[in-house]
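Alright, structures below, take your time with them.
Note that subunit A is present in both complexes that follow, paired respectively with subunit B and with subunit C.
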Partner chain A sequence: MTGQRAAFRRKQAIMRRVVIGLVLLFFAVPLYGMFSDATKDVAGKHWSLATWRTLLDFPKISTKYPDLKTGFLASVGLAVVTVVVMLVLLVPTMTWVRLRLPGLTRTVEFICLLPLTVPAIVLVVGLTPIYSWLTGWLQYFFGPTIGSSTIWLALAYVVLVLPYAYRALDAGLRAIDVRTLSEAARSLGAGWGTVMWRVVLPNLRTAVLSASFLAVALTLGEFTIANLFSRTNLQVAMYLLGKSDAQISVAVGLLSLVFAFVVLFAMSFVGGARSATSPMTRLRRAKKEPA
Partner chain B sequence: MTTARDGVAVQLTNLRRTYAGVNALDGLSLDMHPGEFIALLGPSGCGKTTALRCLAGLDDPDSGTITVGGKDVTGIPTSKRDMGMVFQAYSLFPHMTARQNVEFGLQLRKHGAEARRKRAQEMLELVGLSLHMDKFAHQMSGGQQQRVALARALAIEPQVLLLDEPLSALDAKVRVQLRDEIRRIQLDVGTTTLFVTHDQEEALAVADRVGVMRAGNLQQLAAPEELYSKPVNDFVADFVGVTNRLTGAASAGTASVLGTSVPLLPGSAQSGAVTVLVRPEHLTVSRDAAGNAAVVSASFLGAHGRVIATADGGDQILVQVSSAEVARFEPGARVKVTPTGDPALAVSA
Partner chain C sequence: MADKESGRARGGRRPSGALLGVLPFFVYVTIFLIVPTLIVVIGAFFSQGSFSMVNIKALGESAVKTALWQSVILSLVTAVLGAVIGAVLAYAVSTAREGGIVKRFVTSLCGVLAQFGGVALAFAFMATFIGSGILAGLSSESGGLWLYAWNKGLILVYLYFQIPLMLIVFLPAVEGLRPQWREATETLGGSTFTYWRKVAGPILLPSFIGALLLLFTNAFSAYATAKALISQGTPLLPLGIDGALSSEVVLGQQDVAKAMALEMMVVVAVVMTIYTILDKRASRWLVK
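Right after this comes the complex of A and B.
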């Protein structure tokens, strides 16, 4: 009986490893392809670090491929602005709806999930007149440089990340009794600002983090909208680069993946440092427990 | 130990609150004396929570006025009303320790760090949790969480303390223990207190006066003994304690029930066929072959016993007896049930 169960468990463990192995392979093969492509000489015959050397020579690369620098900075800026705007927009709205206008829950959910059903290309068609109108006003107010800056794409990106962020925040709000907590805080003398900042937000840490996570990942990988609006973000820069220098483009692609990974990992590390269920804690716990 | 603050008077006058056609409050008026502990009692949905929330400013009455310490507070937001609240649901801030929870209100009132610490310590000692100050909500039992919530509410020295069924999620033993403790602390700090419950025993045990509510209205507001012995109507008599409904005939302030004359309480029906509400302990029962009822069952309940009989007229009768007597009343035995003559309420049959 126990022998049978042990055998079964062993089999399960093996299955698990096989599946994980296959998944890793699935991701690793293209990455390896990119790596080997970027680590060959121009003829593609011998191993060479020339491409990487060019890339690491920042002054040279930023003069030789100015788009790359612009795109990279634009993407980082877009990620930050998108996350901030998304949070400022969603967290108070969702909390308020939950507390005061529960009748609107469905409507807000519908609106937030809508972008999921609209293909990016259709979104662009819809956004084009809005942006041309908006850009006019922005240039009027902020001058031609800032007015036509890539950073305004963040507004479109906020729409893009809305469904994912909504889901993440909604799960967070469900997990706490916002109503009772806010009423308790108010009875103790807290105004709405204090309720939001000191009671709701700290308890939404994990949810805010995962929403930001998704927003950053999505923004760093966005190509369609930026390209169709002829704005240069990281992905567009890489695409442009690919036309002139495939090797560099592939190397940058690989680096951007590493960069995104590092950013996301750092976010989870910083944001989850105090929470009991952060990825790092889980990692530590998993290590302590014998497999 | 605690800085007792003289309680303030609270007046709810003619409060009305309608939710989509439901009259949650239907002209509720309630006067609370300074420092008084009032329990609001009533069946589910009668508007107890609504009344409390209106007083706290978490809900706005459609009409009526609320004064606290002589000042009209209608329109003042919750955060400025200075009321300590303990909720039915666990309401500690999950990301703060017990101490931080208690300090929260003090911090908002700009008390210095040292004063805050001291006060939080005092309050947590008051509720018997000085050993758990650095625990988070998820590390405490339900009873402990409610104690912290009480300490948090009292820390701000509120004008009024509001408790909305704070004990209903706790098990029976802790409930009794904590309710007595709430009463002790309330007497200690002297804060005017409104305690909502649907548990009559709880209400009778702790309150100076108990208000019985029904359908958004106050039926009776009286001290526990008075509420029990002199209910103003059959709803109150039925809701508070156990009561027999016996047929009788009324005339001139008395009613004849089971062949005995019983004095009637004020507000009773004065003539004709009536239903007389008689408490089980206001009846005696004895074996008597020529009696007026037959025993259905007799049960031993610990401190006392209970005999259920059917009167010859058809009424079901519940009589309280001493536990030693229970064995005497086997089912089917003929008995004589006699009212002791304590005043009772009669309503038209």
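Right after this comes the complex of A and C.
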């Protein structure tokens, strides 16, 4: 019987290595293609570090490829604003619904998951009139430069991240007893502000982190809305650069993928042995856990 | 509405004050989600400000029909291939040690490829197969034109984010399989084949089909990769919408974009509804 088990395990290990090896090979080839393309001279004949050297030369980057600098800064700004607006909008609302308006739970959930059925490109079509109206008002209040700034795209990005953020926060809220916590705090004389800031938020730490992380990831990878509204974020800058200087854009593309991988890989070690999988997987699983 | 009424009927706490707390949220989603959706749905039936079926009729044009057809086929093919390959990969990964380096590495890599793809993926394939790319020799005769064809290159490129997505979506389901179930099968005299045919297969089937549908909508609404790869023509529906939106030459094209967007929404909504039903069925076995 033990012999049989051992044989089974051996067979399984071989199967695992073959399958994972083959798929990783498929994943590796285009990535190596990027690396080799970016590490050759302009003619593509000999190995050369010229492209990487250019990328490290920040003053040169900002003068020669201004789009790249603007796009990068815009994307970082967008990520920050999206996370802040998302948290300010969702955490109090979801807590409040749980405490005082449980009848609205289904409605809020439906609205938050709605963007899953509305592809980004469809949202763009509907957002076009909204943004032309919004930009008009913003320019009226803040002047033409700030009014038509890329940063306002964050308002639309919040909608894109709603489903993912909702699930992450919902899993967090399920895990704690908000009602008891808030009643305890209230009976000790805390106002609603204190309850949110010093009781609910600290208890939701992991969920908030997870939601923010997903929001940052989505924002940094967003292309559709920015491109169709002709505003330059990191992805649009890469896309535009691809038309003029392919090597640099390939190098930036590879860097962005490697950076994202390093962050995700590092994240998989944070949070103890229980959560040994990626945040995305953890999110899906959290959703399925009973209340 | 009914919730408000019942809250009031119970008396006690005043719901109107409590409703103020959720007002910002509802105002926000109304402006940035509900109204845009309605603009698409209603706008599809209006042309130059008055009610008409012109835009809906425009969906019958051969170019739009071809774009829809090709979008559906591409999404279907990459969803099926991605689901099958991704499911095998997910099973292989699930047999690796929990918390081991293999599992972390593969799930992180798949997370990146599934979510960040877009423009960078298009570059990766162009850098590999075009010009002086490492595999350019494979397509030297056609000059790498196959890469830009929706029924050749795009399938390969789309698989590059579909397989990782399948792993991420399907891994929890495979990990939900309990070793006891296999042991029980063996004790009762069943072979490995019996186990897969009669136990694991039926349990995983709803999750598998659910994941497949998710992959379909993912490919169907993908825009970035196709846009970065294809600069001429509109072989796919998202590119068709893009073309109609940015067209300043033909009057009323903006309204046609709404009709095409509505068409996309209907397809995605149908698929997502089936997905929701299956997801409920799937969680019956996998919860706890």
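Methods note: the second predicted complex is superposed on the first by the 228 of 291 C-alpha atoms of A that agree within 3 Å, B and C clash if a C-alpha of one lies under 4 Å from a C-alpha of the other, contacts with A are read in each partner's own complex, and residues count from 1 in each chain.
Convention: a residue touches a chain if its C-beta (ideal position, glycine included) is under 8 Å from a C-beta of that chain, and two chains touch if they have at least 3 such contacts.
For clarity, every value in this text was computed on a predicted model and none was experimentally measured.
Participant: Can A:183 be said to touch subunit B (first), subunit C (second), both, or neither?
Facilitator: first
Participant: After superposing on the shared chain, does subunit C or subunit B touch more subunit A residues?
Facilitator: The partner making contact with more of subunit A's residues is C.
Participant: One more residue to check, A:244. First (subunit B), second (subunit C), both or neither?
Facilitator: A:244: touches no partner chain.
Participant: Using the superposition on chain A described above, determine whether A:265 touches subunit B (first), subunit C (second), both, or neither.
Facilitator: In the superposed model, A:265 contacts subunit C only, not subunit B.
Participant: With the two complexes superposed on chain A, say which partner A:194 touches: subunit B (first), subunit C (second), both, or neither.
Facilitator: Only subunit B; A:194 stays clear of subunit C.
Participant: Of the partners subunit B and subunit C, which touch A:19 in the superposed model: first, second, both, neither?
Facilitator: Once the two structures are laid over each other on A, A:19 reaches subunit C alone.
Participant: On the A-aligned overlay, A:63 touches which partner chain: subunit B = first, subunit C = second, or both, or neither?
Facilitator: The answer is neither, since A:63 touches no partner chain.
Participant: Identify the overlap between the subunit B-contacting and the subunit C-contacting residues of subunit A.
Facilitator: none
Participant: List the residues on subunit A that touch subunit C in their complex, please.
Facilitator: Going by the criterion above, the answer is residues 12-13, 15-16, 19-20, 23-24, 26-27, 29-34, 36-38, 40, 43-45, 89-90, 92-93, 96-97, 100-101, 103-104, 107-108, 111, 114-130, 155-156, 158-159, 162, 217-218, 220-221, 223-224, 227-228, 235, 238-239, 242, 246, 249-250, 253-254, 256-257, 260-261, 264-265, 267-269, 273, 276-281, 284-285, 288-290.
Participant: Okay, in this complex, where on subunit B does subunit A touch?
Facilitator: Interface residues on subunit B, with respect to subunit A: 56, 58, 77-85, 87, 89-91, 93-95, 104-105, 108-109, 149, 152-153, 156, 162.
Participant: Name, in rising order, each residue of subunit C that touches subunit A in their complex.
Facilitator: Counting only subunit C, the residues touching subunit A are 2-4, 6-7, 13, 15, 18-19, 21-22, 24-25, 28-29, 31-40, 43, 85, 88-89, 91-93, 95-96, 98-99, 102-129, 131-135, 160, 163-164, 168-169, 171-172, 217, 220-221, 223-224, 227-228, 238, 241-242, 245-246, 254, 257-258, 261, 264-265, 268-269, 272, 283, 286-288.
Participant: Using the touch definition up top, name the residues of subunit A that touch subunit B in the complex.
Facilitator: So the residues of subunit A touching subunit B come out as 176-177, 180-181, 183-191, 194, 198-199, 202-203, 205.
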